[in-house]
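Report on the structure given below.
First chain written, first letter: the chains are A, B, C and D, and each begins at residue 1.
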Amino acid sequence: MHEKEKDLIDAFLRGQVDRRGLIKGLGAMGLAASTAGTLLNFGQTRALAADFDWQAHKGKTIKLLLNKHPYADAMIANLDNFKQLTGMNVVYDVFPEDVYFDKVTAALSASSPEYDAFMTGAYMTWTYGPAGWITDLNEWIKDPAKTNPKYAWDDFLPGVRKSCAWNGQPGGVLGSDDAKQWCIPWGFEQNNITYNKGMFDKVGVSVPGNMDEMVATAAKLTKDVGGGVYGIGVRGSRSWATIHPGFLSAYANFDQKDLNVSADGKLSAAMSTAESKAFHKQWVQMIQESGPKDWSTYTWYQVGTDLGAGASAMIYDADILGYFMNGGDNKMAGKLAFAAFKANPAAKAPTPNIWIWSLSMSNFSKDKDATWYFMQWASGPEHALFGATKMDFVNPVRQSVWNDQMFRDKLNKSYPGYVEMFDVSAPGASIKFTPQPLFFDLTTEWAATLQKMVAKEVPVDEGLDKLAESINGQLKEAGLG
Amino acid sequence: MEHTSLLERILRGIALALVVIFFMFPIVWILMMSFQTNETILRIPPQLVFEPTLANYTALITGKLMTAAGTLDIAFMRNLWNSVFLSVTSVAVALLLGVPAAYAFARHKFRGSEDIAFTLLSFRFAPALLVLLPLTLYFQKLGLANTYIGLIWVYQLICLPLILWIVRGYFEDIPADIEYAYRIAGHSWFATFRKIALPLAGPGIAAAGLLAFIFAWNNFVFALVLASADKQPVTVGALAFITSSGIQYGQISAAIVLSITPTLALALYAQRYLVEGLSLGAVKG
Amino acid sequence: MTAATIQRNRPSGFRISKRVLPYLLSLPALLVCIGILIPFLTSVVYSFQRYRLSQPWARQFNWGDNYISFFTDPKFWNTLEISLLYAGITVVLELLLGLGIAMLLQKRSTLNNFISIMLLMPLMTAPALAALMWKLMTNPGFGVLSYLASLIGLQDFRWASSPSTALLTVVLVDIWVYTPFIMILLLAGLRSLPTQPFEAAALDGVPRSFVFFRITLPMLTPYILTATLFRLLDSIQQFDIIYAMTQGGPGDTLTVFQVEAYLNFFQSTNVGRSAALMIILWAITYFLSNIFIKNWLRLRERARGHA
Amino acid sequence: MASLELRNIVKRYKSQTVLDNLSLTVADGETLVLFGPSGAGKTVLLRLVAGVIDPDEGKILIGGEDMTDVDAEFRGVGMAFQNFALFPHMTAFDNIATPLQAKHSSQGTIKAGVESVGKLLKIGHVLSHKPRALSNGQKQRTALARALVGSPPLLLLDDPLRNVDAKLRFEMRLELPRLLADRGATVVYVTQDYKEAMALGDRIAVMSQGVVKQLGTPEQIYREPANVEIARLFGDPTINLLDVKPSRDAKGVYVGLSNVQVHLAGAHEAAVGRDCVIGLRPEALAFVDEGTSGAIPVTVEAETPLNEKIVTLVRTVRGREILVSRPSGIPGQSEGRAHIAVDSKSALLFDRASGERIGSKNVVNLRSGEAA
């Protein structure tokens, strides 16, 4: 079947035909683009098989724990190719994001051997790693016998790849030489501006270039757009998730840190500096003036929903949140634009903090080698390209995908400014938190403090001093301070 | 009581209307949202007029969900089935275990009866979170993790105390003489239990059963922690519409409507028992 | 004639079965639940340990340290206060409202029966989803309740997002979800009261308030206690509604026990502290329900009189 | 056949002793009335016999067979409850049929049995009704029918007329003795109404605080009550009780009533010189002309017709109130000053301190187990 098609694909893989030519050719043969994509992957799958014994774990079954997410959907859509390639079977449990990490924690804390690999965020590995629930993946990545030579570990964006590696020392530098690779990055989010171009034009403002401008622009938008539209959407719920997107990205741009690490490895709170206080004041003022009225309940969903429904004029949050809101049945689909944001006028470039959806291997897996086969396929260049071009796998973590013209074209067509935004901010994109086991305690309390400041229950200076004091106490109590 | 003035009737009518509006308005609003997509749900200000669509229900029932990020497979009907299965069996088991125990506590003041009854109740106030981690560990060792049997067992924590304590009250309200009379007429304790106690406490058992059913239905932490995706109830399933590409309010509303329906049907069917109180009527007192 | 007291013979075999019967009836229920006792005790052990999942090497018994640290921790006292306040407000309001509604619906009629079943629908909605819907309905932009509030002059009502109204809002949702629970139990209770005392009182022209406080309430007390007990147990352990609406915020406004314990367990993975918090919550509920049950038994006895 | 014997029964509820070492025998075919105020332990005793509660000590023999450890359903007794205890979810017919069903009788037998007892008790027309739809009288008859239908050799009737209206009670009081006699069953009948007790009982056991104070025929109980309390319980209007200190002269024992020496007939030697209470039944007093021997001057305060009697309240010169009763036909005095005389044979003397009757002949002291 499809002999002609296969020939064409093989020609492409040999480099005789370029991708456009291939798709065009296949289209001429009467194949829909999606079928072509699958076939293409099928061809690539066969190509993969050429240099590496993919069949080493034939007949084995592994089980995954997945979050309900476009990344997982993209993987599932392509899974048959993996099964064909390896002769392995893959089963999976998908849980809604709202409860996903509870499920992960419950399964791992009980040392459940049920799941071999699972999706996770890099921050979570700061708990899972020291707890002994996940495996250092260097053992496999660096073993040529177990990893396909075409895997191209160096192809991963360095900031992202390093953000997934930690030596386990509280305060240790991410991606240091002695770091353990707790997870493989899969897709990631940079925090930048997504804005409603129509509203900006209506009011006559341009994209803010720093924090002062953002406060002013947001205030003007709130005042002038009308219809209850407010200027800037940021998260505000009592959760770590309030701290890590726009807030920390801007904070880091002012060279501020969450924690200080002393020479002897002791940690102490670093948010009560004068610069930090100034920044907090500005941030709090911005929310009070032009944030959502019920900011303190705002999570990813509300920030996105408001932008998508035209209730907010811009957001300073994950780029892919803006990406999602620019599609689907959202009212503002196709009307949004993207821009990188550099909060500090004195900074050279944006420094977005990032969230990384990654894959980790459970330490309780009964067959880690087989599991690694899946992981390297799922994070390999072929699947990354498939996900990015055929599915909504943004942002890919491989440079080769970002270099792919088809992918860039696809983005440029419907997501104005997205690629440019990415290119500007990617070099400075990394996790800006200090890795340590009290990450969630610290960020939750930070968010609660922000809420109190916005509600004017506590002045900014005093709130930060109290926060620092409380965090120092907790660090000491945990033997870290 | 029978001679109510016009004014009082009007005031009662107004009060009842306010009650109905407060409790039913969100339900009606959810019902309306279930026939809309986010596009019409998320309007400023919210509006009553919309073009109804069955898309949400179609998506739930066929298991294909169209989102900003493509078509997703959803297992909502599977979740619904799990909820029905888990709730029905858990309540059935709880009734089987709880009703005889309630009868024992109500009728036989035996040594330690109050202590045992209290112990059974105290399981109700052990917060789920407290036992979750050890429970997961032990379930794994016992092979009960990820089994319906294990879940039904744990669900007894929700159902059993409720049934036990409510039904016990109803049994105690049956005058002992009525049962004595049946015993003296020559019937065994079991016949008395079956022919006298059970029918007379029937409404109480129905009410307790329904409440236990509702609480079992609304629970999700146990299934979430102890079982894999194919055994999740509708409460977890409905959360799947909180996707990273937005909250699908229309689908969640439809999911709520679909998940209320079986319970509501059950309640309407058993209506006569639920709101009757004890069937002792004039004999009591 | 001699009047020696004849001691009863030792129970015969036939007799034993009669003696053992109540145990036989209640034992299966107990056995099924006893399985839960083991994990419970395990958690008690955890609560006496320094036990963070993320620092397994540091796990050791610290005996009362987890508990002692609470006494000096203002956050803990805040948690205790908020939990009790929340439970108190919701239970009292739901009880009053539930009793009121039950009395409105007391008369047997098809319409009243239908309404009472319809009113159960909030209870049938999973609390977490109900909270999600309320969050949407109270959204300042899309929310129908915010819109309606603005029509009556509350232009800037912040619902769950303002420290001054957050408690009010979650209490409102709690009332919406759980009042039907109390209502249905009390309705069943009201309708099973004997009619004679009321007829007699009506004949004698006794004032209605007197009938209510001296006849209705005392006779209904066992039902009220049952409903209140279960509501109290659930309310003091409230999690779904509060977490879904505010995650414990704004600030530390609504960090009730279960929210704190949840965050401690699932986010901080501080098992020892989480377990200690839960044990304290358990002790409080144990204490409260003990009081309730003592009164329940006493009142039942009184309500039924002696045989 | 079905005699009943209770031996040294003790029943306690928590710290309270409800029945205190009680022994009692009821002969086959006899109707024994348990009479006493509420809380005396009558109902508990009945339930012990029925087998629905267990004694803490003692034995229960029915027909000579030890039934102490036998469950209620095997004792073969019939019982009617004070509050009827009808099964609210069954029709009257089904209610009455339950004892027959327990015997696995055929449908025909059941139908015939229920209908015949229903006819006997005049409730044949309401057999298809549920208890809710029955009048109190019909409920009472249904309950009675249920107790009778199986022709149990031992019938336990717990104040069955308590909750019915006066007219019905009056009718039933006339009807019941015949009904019970026809059945030939041994009957234990509990009541708080002394007239019922007198009308129905072959013997009456007067109970108080868990013990039988007196056991005897109605005549004995009335004529020779064991103590003041029993004397007061029986009789309507109630017995007149006056403090006296009997003395003796040549004519025998006498008491002083309003400065009048009233000589008593009978053996009252033991009472001489002791602080006593004299019990004078109102019907043992009569209006007499001034100057009659032993005539006591009184003032008439009020006169009340009571059924077929007329009761007059009089006051002695010392201010003590006394009730005098006479059959309606007999003329008396309705106002002003008058004189009354005592039927000296029926005067009762009680020790003032203990309340026990002095000079008892036939009274049985049951506490020490001595039978008459």
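Observations, loosely collected:
Keep this in mind: a contact is a pair of C-beta atoms (placed from the backbone, for glycine too) under 8 Å apart; a residue touches a chain by one contact, two chains touch by 3 or more.
What you see is a predicted model; the values in this text were computed from it and never measured.
Path length between chain B and chain C in the chain contact graph, taken as the least number of steps between touching chains: 1. With A-C and B-D as the two chain pairs, more C-beta contacts join A-C.
When each chain is reduced to the average of its Cα atoms, D sits farthest from chain A. The centroid of the Cα atoms in chain A and the matching centroid in chain D are 93 Å apart. Once the centre of each chain is set as its mean CA position, chain A and chain C turn out to be 41 Å apart. The distance from the centre of chain C to the centre of chain D, each centre being the mean of the chain's C-alpha atoms, comes to 53 Å.
Centre-to-centre spacing of chain B and chain D amounts to 56 Å, using the average Cα coordinate of each chain. Taken residue by residue, chain C touches two or more other chains at 141-142, 265, 271, 307, whereas all remaining positions touch fewer. Counting partner chains per residue, chain B shows two or more touched chains at residues 42-45, 132-133, 137, 176-177, 189, 220, 239, 242, 247, 280, 282. Within chain A, residues 102, 109, 228, 305, 309, 311 each touch two or more of the remaining chains.
Interface residues of chain A, counted against chain B in their complex, comprise 68-70, 73, 76, 92-99, 102-103, 106-107, 109-112, 114, 227-228, 300-301, 304-305, 308-311, 320-321, 324-325, 327-331, 333, 391-392. Contact residues on chain C toward chain B in their complex (touch as defined above): 19, 21-23, 25-26, 28-30, 32-33, 35-36, 38-40, 42-43, 46, 100-101, 104-105, 108, 112-130, 132-134, 136-137, 141-144, 147, 150, 176, 179-181, 184-185, 187-198, 202, 222-223, 226, 229-230, 233, 237, 257-258, 261-262, 265, 271, 274-275, 278-279, 281-282, 285-286, 289-290, 293, 297, 300, 304, 307.
Considering their complex, residues 52-56, 58, 69, 135, 138-142, 156, 158-163, 245-252, 263, 265-271 of chain C touch chain A. Chain B makes touch with chain D in their complex at residues 175-178, 180-189, 191, 196, 199-200, 279-283. Touching chain C in their complex are the following residues of chain B: 1-2, 12, 15-16, 19-20, 22-24, 26-27, 29-30, 41-46, 93, 97-98, 100-101, 103-105, 107-108, 110, 113-114, 116-127, 129-135, 137-138, 153-154, 156-157, 160, 162, 164-166, 169, 172-173, 176-177, 189, 203-204, 207, 211, 214, 217-218, 220, 234-235, 238-239, 242, 247, 249, 252-253, 255-256, 259-260, 263-264, 267-268, 271-272, 274-278, 280, 282, 284-285.
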